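The data blocks that follow each hold one structure.
Each of the two complexes below includes chain A, the first together with chain B, the second together with chain C.
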Partner chain A sequence: MYIIVIGGGKVGYYLTKTLLAEGHEVLVIEKDARKCETIAEELGSIVLRGDGCEVRTLAEAGCNRADMLIAVTGHDEDNLVACQVGKHKFQVPRTVARVNNPKNANIFEILGVETTISSTDLILAHIEHELPTHPLIHLLTLKGIGLEIVELKIPADSAVVGRRIRDIPLPSDSVLALIISKSKGAQVPGGDTVLAVGDEVIAVTKPENEPALRVAFTHT
Partner chain B sequence: MAGEILVPTKGGKASDDAVTLACTLARSRKSKIRIIHVIEVERTLPLDAELEPELRRGEEVLSRAERIGRENNCPVETELLQAREVGPAIVDEASERGVDLIIMGIDYKRRFGEFELGKTVPYVLKHAPCQVWLCREAAG
Partner chain C sequence: MNIIIMGCGRVGAQLAEMLDAEGHHVTVVDTDPYSFRRLPHSFSGSAELGNGMDQDFLRHAGIEQADVFVAATQGDNRNIMAAQIAKHIFKIPKVICRIYDPIREEVYRTLGLQTISPTTVGARMMKEAIERQG
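What follows is the complex of A and B.
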């Protein structure tokens, strides 16, 4: 796969190094001459000095045959423009952008950037997962079909403790996929499965049904 | 002293002189000679793209170098390479094969009145792991 990485900072450097090790053809576009020199010395002639937002630079980089463009500079506006030019001018099949300000993620998605990665959101997600303060944790967003996979932990004071799943009113378009309990381990839930304190419920739902799902399982 | 001499060639008088010098040296040192011609492939194309005119020219350049080797009673090994940049390709080849010496022919070029080496020669001088000899053609 031919991958163009815009931005030769720390993220771009280690990303490129990993992608090269995986056997991909990679080119880094970087404005700073000193960074270009460092990358060339460390990783070989896989760096092009220039502005990754400019059509001319992307044309020189062979963007027309790129399978993926990944913009990871420290500036959201540069990442957005690079992805937009790659997508609309060169028809790059897949664009990935680093989003420094999580508030911009939505704008990127509206403007057609398929994948956005926000380090702030990633850290927050880890905090949610590691600290038991959040009853509902996002595990995965299935963008193409507008669904999310979430995890719910049944608190001690929940009204669903001791109840069968068939008796719990679930919001529409919500499916319970898996129950993980300390005593029985992972099990596919049936209508007669009884929930206990501390059970982890893996559910598939629509984003708009998330609050109702949280209430259904955590309400006292 | 055995070993291998690498001669990157792009054709022309300076490259011919470099091959001749390599042959003279190889006979006395009992070294092998490896002659390469590097085709630079633009990034708009995959590295293994078939560039017919460049391939044909490269083969002509290498045939000429082989003929010089025969005339000097010195067998040479030739290879046509494709790379994004010539300098790194020469250095990589020298490193991978562990050659003892690179001999390069360079033209006497001036740009805006100043003598210029281009970008390949300085790169090789800076990065090559072995000795590098330059064989510059006569000025003017």
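What follows is the complex of A and C.
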């Protein structure tokens, strides 16, 4: 794939390095002359000095044949404009933006940027995942259809311990996809599956039903 | 009308003064408190210190009651992002966005923003002035 990376800071540099190692054709667009020099010295002549939000620079970068544009500068406004210009002026099929303020993700989404990545949210999610006391963990958001995949761990004092799944009242639009238990490993749950302490339940649900789902599995 | 102006530079401050004098309720927002010195003593609107691209701050500045949002900072991309937030998230009926770069201005005009490029306007006016002299 031909991938254009906007922003040659730390994220852009390591991203480019990884993408090159995977065999992709990559071009980095960076404003700062010194950063350009460093990238060129270390990764070869795969860097273009310029403003990645400018139509002229993107044209020079061959944006019309790019398969993907990834904007990873430290400024949300620059990442947004680079993606929009790439999309609307050069018909880049897939645009990805780094979002520094997680609250900006909604405007990127409304404006058609396919993927947003918030390092703040990623770090938060990891912290959530590492905290053993947290009963519900987000695994994946299925943006297009408004669903998410979550993991629940059955606490020792939960009322669902020893009960069959068919007897547990689930909130609407929630489906249990997988049960991982210490004794039996991963199994597709049926109505007769009985839950035990420490079982991990992978469920698909709507974001608004998440609190109800958590209550269903953790209330005492 | 309730009008929010983002950017208290020369243009933003002068626009605020004009609209305020006509009796509109004007709120000027800027990240630099020193910029508010440009507002005249007679200015009866409000000046809010904060980032006009931050949705929480915009709510605090009263964007939900605004009829008009003007993005007039020095940064094209900042103006573009704030204007699109005002238009698409807060559904402000009239949003005006200053974009210096004429090519970028054309892109966003095509995308439905109401844009003004001082570069294009300035150059055209100078050209007209030259031709009038001739």
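Note that in this section the second predicted complex is superposed on the first by the 220 of 220 C-alpha atoms of A that agree within 3 Å, B and C clash if a C-alpha of one lies under 4 Å from a C-alpha of the other, contacts with A are read in each partner's own complex, and residues count from 1 in each chain.
Methods note: a residue touches a chain if its C-beta (ideal position, glycine included) is under 8 Å from a C-beta of that chain, and two chains touch if they have at least 3 such contacts.
These figures come from a predicted structure and were not determined experimentally.
Look at chain A after the overlay: chain B and chain C fit there side by side.
When chain B and chain C are set side by side, the one touching more residues of chain A is C.
By the document's definition of touching, of the two partners only chain C reaches A:111; chain B does not. In the superposition on chain A, A:62 makes contact with chain B only, not with chain C.
Using the contact criterion defined above for the overlaid structures, shared-chain residue A:75 touches chain C, although it does not reach chain B.
When the two structures are aligned on the shared chain, A:85 is found in touch with chain C, with no touch to chain B.
Using C-alpha centres, the superposed arrangement gives chain A a vertex angle toward chain B and chain C of 80 degrees, stated as a multiple of 10.
In the superposition on chain A, contact of A:101 is made with chain C only, not with chain B.
In the composite built from the two structures, the nearest CA pair linking chain B and chain C is 18 Å apart.
Taken together, the two structures place no residue of chain A in contact with chain B in one case and with chain C in the other. Across the complex, chain C is touched by residues 53-56, 75-78, 80-81, 84-85, 88-89, 101, 103-104, 106-107, 110-111 of chain A. Partner chain A is touched in their complex by these residues of chain C: 53-56, 75-78, 80-82, 84-85, 88-89, 101, 103-104, 107, 110-111. On chain A, the positions that touch chain B within their shared complex are 2, 25, 27, 40, 44-46, 48, 59-62, 64-65. Across the complex, chain A is touched by residues 42-47, 83-85, 87-88, 92 of chain B.
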